[in-house]
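Going in written order, the chains are labelled A, B, C and D, and every chain counts its residues from 1.
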Amino acid sequence: MLIVMHHSATPADVQGVCDVITALGFEPRPMPGEQRTAIGVVGNDGPIDRARFHGLPGVLDAIPVSAPYKQVSLEWQAERTVITLGNGVQIGGEALVVMGGPCSVESEEQIMAAAAYVARAGGTLLRGGAFKPRTSPYAFQGLGEAGLKLMAEARRRYGLAIITEALDPQGAELVAEYADVIQIGARNMQNYTLLKTVGRLGRPVMLKRGMAATIKEWLLAAEYVLDAGNPDVMLCERGIRSFDDATRNVMDVGAIALAKTLTHLPVIADPSHATGRRELVTPVGLSAIAAGADGLIVETHPEPTKALSDGAQALLPDQFAGLMSKVEGIAGTLGRPLARLG
Amino acid sequence: MLIVMHHSATPADVQGVCDVITALGFEPRPMPGEQRTAIGVVGNDGPIDRARFHGLPGVLDAIPVSAPYKQVSLEWQAERTVITLGNGVQIGGEALVVMGGPCSVESEEQIMAAAAYVARAGGTLLRGGAFKPRTSPYAFQGLGEAGLKLMAEARRRYGLAIITEALDPQGAELVAEYADVIQIGARNMQNYTLLKTVGRLGRPVMLKRGMAATIKEWLLAAEYVLDAGNPDVMLCERGIRSFDDATRNVMDVGAIALAKTLTHLPVIADPSHATGRRELVTPVGLSAIAAGADGLIVETHPEPTKALSDGAQALLPDQFAGLMSKVEGIAGTLGRPLARLG
Amino acid sequence: MLIVMHHSATPADVQGVCDVITALGFEPRPMPGEQRTAIGVVGNDGPIDRARFHGLPGVLDAIPVSAPYKQVSLEWQAERTVITLGNGVQIGGEALVVMGGPCSVESEEQIMAAAAYVARAGGTLLRGGAFKPRTSPYAFQGLGEAGLKLMAEARRRYGLAIITEALDPQGAELVAEYADVIQIGARNMQNYTLLKTVGRLGRPVMLKRGMAATIKEWLLAAEYVLDAGNPDVMLCERGIRSFDDATRNVMDVGAIALAKTLTHLPVIADPSHATGRRELVTPVGLSAIAAGADGLIVETHPEPTKALSDGAQALLPDQFAGLMSKVEGIAGTLGRPLARLG
Amino acid sequence: MLIVMHHSATPADVQGVCDVITALGFEPRPMPGEQRTAIGVVGNDGPIDRARFHGLPGVLDAIPVSAPYKQVSLEWQAERTVITLGNGVQIGGEALVVMGGPCSVESEEQIMAAAAYVARAGGTLLRGGAFKPRTSPYAFQGLGEAGLKLMAEARRRYGLAIITEALDPQGAELVAEYADVIQIGARNMQNYTLLKTVGRLGRPVMLKRGMAATIKEWLLAAEYVLDAGNPDVMLCERGIRSFDDATRNVMDVGAIALAKTLTHLPVIADPSHATGRRELVTPVGLSAIAAGADGLIVETHPEPTKALSDGAQALLPDQFAGLMSKVEGIAGTLGRPLARLG
C-alpha cells in the first residue's frame, strides 16, 4: 500500500497517516518529494483496506501495491496445478482438453447422442446442465437430479468425465456425488457461501469469470476455494460484458494470456457463451487456444434447433468434429497435444 | 419476437422459420419488404428464447419485442407498490425514506451510537451488515447472528426499522427472524436459489442491481421474488461498473428515472457504493433523489477511520445530518415529504 | 511514479531501474519491504511514461502518483474559472446557466421559435448545430454557415448567447466568427488538432467528455486547450457508454461531483444525450444539478416529431419551461440562483 | 424499422404512427398481436432515424431492422476487397500480412534498424508514427514530415511498404505523399472531416476501431471513406476499453470473426495496443490470427527501454522474429500463407 498525500498536506497530516499505519501494526515509510509526500506501508502480509486511508486529512489516494491473492499466485507457487480426473484425463498439463455437450440435459436420447459424438470426435469431458441459472423465472430450469443420473450413465457408456453446474450449497453436494468437475457459473462467481462449500467437497471445480469481474476479483474468488481446502480449481474465461451487443459477450483473450502469467491454475475458455452465435464459436475457440488456454468448453447439441436453451450457440455434431481437428492443428503449432481418452 | 431474414433468404428459409414458430405453438406473420422479409411471432404470452431462431437458415437476427418480465411491470400493475414496515414507515409512497448506518455491525457501542444519531437526524431505517460478502477471503466477514441481535436491540431502543444483508438461503432464514428488510447484494442479484428463498419468507426485500446488470435483468431478478410469492420488493441502484476507476462505480440516475416508468416497485439509491468516496456521497445521493428515487441507503459510521470495512465511504455523523437536511430540501421542491418515525 | 518490483527481483534488477530513473533526470528512492521492493521516482514535474518501466527486468508494475494534468487542476489554481459571455451571462459562478435549443438548426422559422421560448422560459444560451457529426454518412449533416447566420440573427433578436459545434479546424474558425461558445463534441474530445485550434481562437470552449473517456483523459483534453492559450474552457458531461442500451448513455453524476473537486473549470451537463429519451431528460437534468453541475445544455424543439435529427430526446416547449422552473427549485435549495438575461 | 406499440396504445395512436411513416415516404405494415401491435416500415432504402418515432403517442420502442451501412456490407458486395500496395503486397487475400515497427519514428538510426529486422523476419509493411496523438499535451508529439521522409527512405532501402497515421486533413495530404497506407487512429474513428479527406486522397486507408465503438459504428465510419470514393479500406481491431485495467484494452476477437461475416473489407489486428504489455503481444496476436484476422500490426523497437513512447508494449527484435514464425505456423493450420516481399 502506498499512501499519496495531497500537494498541500501538512506535516501533521503526514504524521497522522503514519500513526494510523503504526496502529494497524505496520511500518510507515514517508517519502517526501518535490511536489508531494508519499508514504509506504511495510510489513503487511495480506491486503489492507485502502478505505482506511482514503478519508484521512491530507490523503489524495491509497494505492495497493501487493496483489491481494496468494495461494493462487504463481509468485507463491511456481509449479503449475495439474488436475487429474476420474477417467485419467489431466487438465493443466501439456495436453489440451475439450469439453463438449449441450447447454441442458434434456433427455436420455439427447445426452447419449451428444456423448457419443463428443467422444468420437476426441472430446474428453461431457458438459450438460442439470440445474440451470436462467435470467427469467419462466424459462426452463433443468431436469435436476434426473439430469445428473443421465450424465453419469453417459460417462459409464462413453468414458467421458462429466462436468455440470451447481447453483447453491445443497445442489453442490448433490452434484459432487455425480460429477467429476463442479462448475460454478459466472453469475455465482462471488457467491461466497457456494465457493466455500465447493472448497470443502473435494471435487475439482471450474470457476467461471463473472461477466464484469476483474482478473483480480476472479483470482480472489478462486482463492476462496483454495482457502477452504480444495486445490483443484480451474478458471474459465467465458467472455465479459461490453457496450456492444453484436456478440453476447467479448472473449477476453488477453485475460487468458495474463492469467497464465499470474496463476498456476489451469485456464479454460468457453467460446459458446463468449459469442452466443454458432458461426463464431469455432474461430473464437481457436483464438483462445492460440492465446494459451488449457482447453475449451463448448456447447454442442445433436439438434440445436430443438434445444430447450441456448440453441443458437450450439455447434452441430459435424461442426464440433471440425472444431476438434482445428484445435488439434493450432495446438500442434504451439507444441501441445490434445488430451485423449485412455 | 421479430425474426429478421437475410437479404438473400429463400422462400424455403422463410417457410422453415414459420414452421418452427408454429411448432412452438405461436402464429407466424411474414412481412415481406423491399430488401428483406421479417416475420412476426404472435400469440406468445411469455418470452421466447431468441436462440431458437438465431441459427436457422436465412435468419439474420431475432429481436425480442415484448418485455420478458410481467408481475413487476407497470404495464400490468398500474398501482405503485407501497411497503409498510414494522415501525409504520412506508416505502414507495410519497414520502422519501433514508436508511443509514455502518457497513458492518462491529460492536454494541458502535451500532448504538450510529442508531442514535441516525434516528436523531431523521433516518427511519438502520443499515448494518452482519454477514459481509468480501472480495477477499482474508477480509472481515461480519459478526453473524450476534450482529443481528445487536441490530434488533438498536431497533428496540431507537424505533428504527432494520435492514441487513443475507448471503445464502440459510442466512436468509436467520435474517428474516430479525430484520424488517432483507437485503440482497449486487453480487447475488442472480443467485436464484436465494431469490426464491426470500420470495417465500414473507419479509420485504431490497434487491440491489448487479454491477453489470441491465435494467431488464434487474427487473427479471425481482420477478423471481414476486413469482415466489413475495410482492414486497424494492429495487436498489448502487452504481454500475464502468471503464473509469476514478469512482468506485457510476450511479446510473437514468436507470432510476427509467425504472420508475417501467415498474411499480419502489427504487432506492445507494450513493455510498456508487461512489466509494465520502466527499461524493452527498452530491450523488441528492442527484438520485432528484432523478426520482424513493429513498437512499447511506453508510455512516461514528468513527469512519476505525471502521473494519469501507470506512472511506462512510459519512461522519454530522455529514449524515447535513445530508438529511439537504435531502429534505430537494424532496420539498419535488413535492415529496421525508418519512418520519411515528 | 512508483515502480513496484517483483517478489523475486534481484538487487541488480533494482539497480537497473534506479539507473533508468537517474538517466531520465529524476531521483530514485528505493523502499525495500518484507515482500518486495518499491522504488519512488522523485523530482518529476510532469508525467512520466509508465511504459518506460513496464518491461524492465524485475518490474511488476509502474504506478503513476502525480496527476498528469496541471493547468486545469484545482491543486494548482484554487480560484474557480468564471467565463463571461457576450451577453453578460457568466458560467462557473454562483448562478446556474441553462442552454436550450434544437439538435440542428433546420430553418429560420424553427430556430426563431426555439429562441423565443427558450429566452422566455429563462434560458440564457441558445444551442443549435450547424455542422453535425453523424454516425452515418447518409444522415442530415447540417446547414453549415447558413445555420450560423440564423443563430446569430436569433441572438440579435432574443439576447441569448449562442453555442454551436465545430467539427474541424476550418469549421472552428468559422464558428468562432459567429458563436459565443464553441462546442467540441464527444467524438472529437481527443481530436488534438481541433483542440489546439480552439485553444488559439480566443472564444470560450465547451468540451464534451468522450463516451468512454476517463475523467483524467477529459481533463487532459481540456489541458490541450488551456496550454494553447485559451483559459475559457467549460467541461460537459454528456453520459458515458455502458453495457445497457436501455438508455442512450449513462449520466455520470459522480464524475460531475468529482470534477468539481479536481478542476476549477465549470462543469455543464447534457441530459439529452445522456438519456436519449424525452421522458428522462428532466429527472436526469435535475440530478446533474443536484450533483453540482454549473448548468445544463438541453435539446428542445418547437415540433420534435418533425425534427431532422434526435427528435426523440427533444423537450417540447412547455416541457422546457417546466424543466426551468424545477431547475430553479433545486438550485434554490443548494443556494444557487439561476443566471438571467440582463 | 419496426415500431413496437405500448400495450395500451389506442387505434388512433397506431394510425398516428402509420401517418408519420407514410409522410416519410414509406409504407406502414401494422401487425396486431395478442398483447400489443407492432408496425413494420417497408420501402426504406437507407436508415431511418428511430428518434422520429420514439416520442410519438403510444410508441414503446422503435427497432432498426436493416443494417444502416451498405457499401461495406458483404450482403451487397460478395467479393472480398483485396488491396494491392506499391511493393506488390496484397492485403485481404489468402496471404496474411504482418506490419511491424516502432510506435514513433525517433531517428534515422532507429527506424533503419527496425526496418532491417522487420524485413528480415518476414514483415511486409513498416509502421512508425510521425504525427502522434498523445493523451497529454506534454508528451512527445512526433517528428512530423522529417519522420515521413525517414519512413520513405526505409522503404527505399528495405522494400517494405509503409503505414503511418494522419491526425487531421492537412496532415493526411502530407501523409498521402509519402505513405502506402494512411492510418486513422482509434481516437479519430469518428472524425468525419478526416474520413472524408482520406476518402478523396486515393491511398489505402487503415481505420482503427474506436475504443468504445460498436461494430456497426466502425463499419459506418468505413462507409464514410468508401462513400467519398475510396474503396481501399482495411479495418483494424485494436482492443476495446473494458472495466478492468489489468490490460490496456481487450482484443475483441469475436468482433474480428463477426466483421469477416459482415463486410468484404480486410480486418487487421493490433495486439500491441490491445494489451499494452510486451509479454502478452505474441499470444494475443496469435489469437487474432486464429479468429480470422487478415494480418497484424505490431509495435517493435530496436531498444524498447529507450523508446520515446509506448516502450512497454514494443517487442524486442528477436521477439518479433519469434512472433513471425508462430504466425506462420498458425496461419498454416488455417490454410493461409504469409505474404512475402517479392
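We adopt the following convention: a contact is a pair of C-beta atoms (placed from the backbone, for glycine too) under 8 Å apart; a residue touches a chain by one contact, two chains touch by 3 or more.
The structure presented is a predicted model; accordingly, all values stated were derived computationally and were not measured.
Asks: Where each step is a move between two chains that touch, what is the least number of such steps from chain B to chain C?
Replies: The fewest steps needed to get from chain B to chain C is 1.
Asks: Which chain maximises the distance between its CA centroid and that of chain B?
Replies: Most distant chain from chain B: D.
Asks: If you average the Cα atoms of chain A and of chain C to get two centres, how far apart are those centres in Å?
Replies: Their C-alpha centroids are separated by 38 Å.
Asks: When the centre of a chain is set as the mean of its C-alpha atoms, what distance in Å lies between chain C and chain D?
Replies: The answer is 26 Å.
Asks: Where the CA atoms of chain A average out and where those of chain D average out, how many Å apart are those spots?
Replies: That gives a centre separation of 30 Å.
Asks: What are the residues of chain A that contact at least two other chains?
Replies: As it turns out, chain A has residues touching two or more other chains at 212, 241-243, 277.
Asks: Across the complex, what residues on chain C touch chain B?
Replies: 212, 214-216, 239-240, 242-244, 246-247, 249-258, 261, 274-275, 277, 279-280, 283-284, 286-292, 326, 329-330, 332-334
Asks: Mind pulling up the chain D residues that touch chain C in the complex?
Replies: 20, 46-47, 49-56, 68-69, 133-139, 167-169, 171, 187-188, 190-194, 211-212, 217, 220, 223-224, 227, 241, 276-278, 304-305, 307, 309-314
Asks: Once bound in the complex, which stretches of chain A touch chain C?
Replies: 2, 4, 6-8, 29, 31, 33-36, 38, 40, 42-45, 61, 63, 65-66, 75, 212, 241-243, 245
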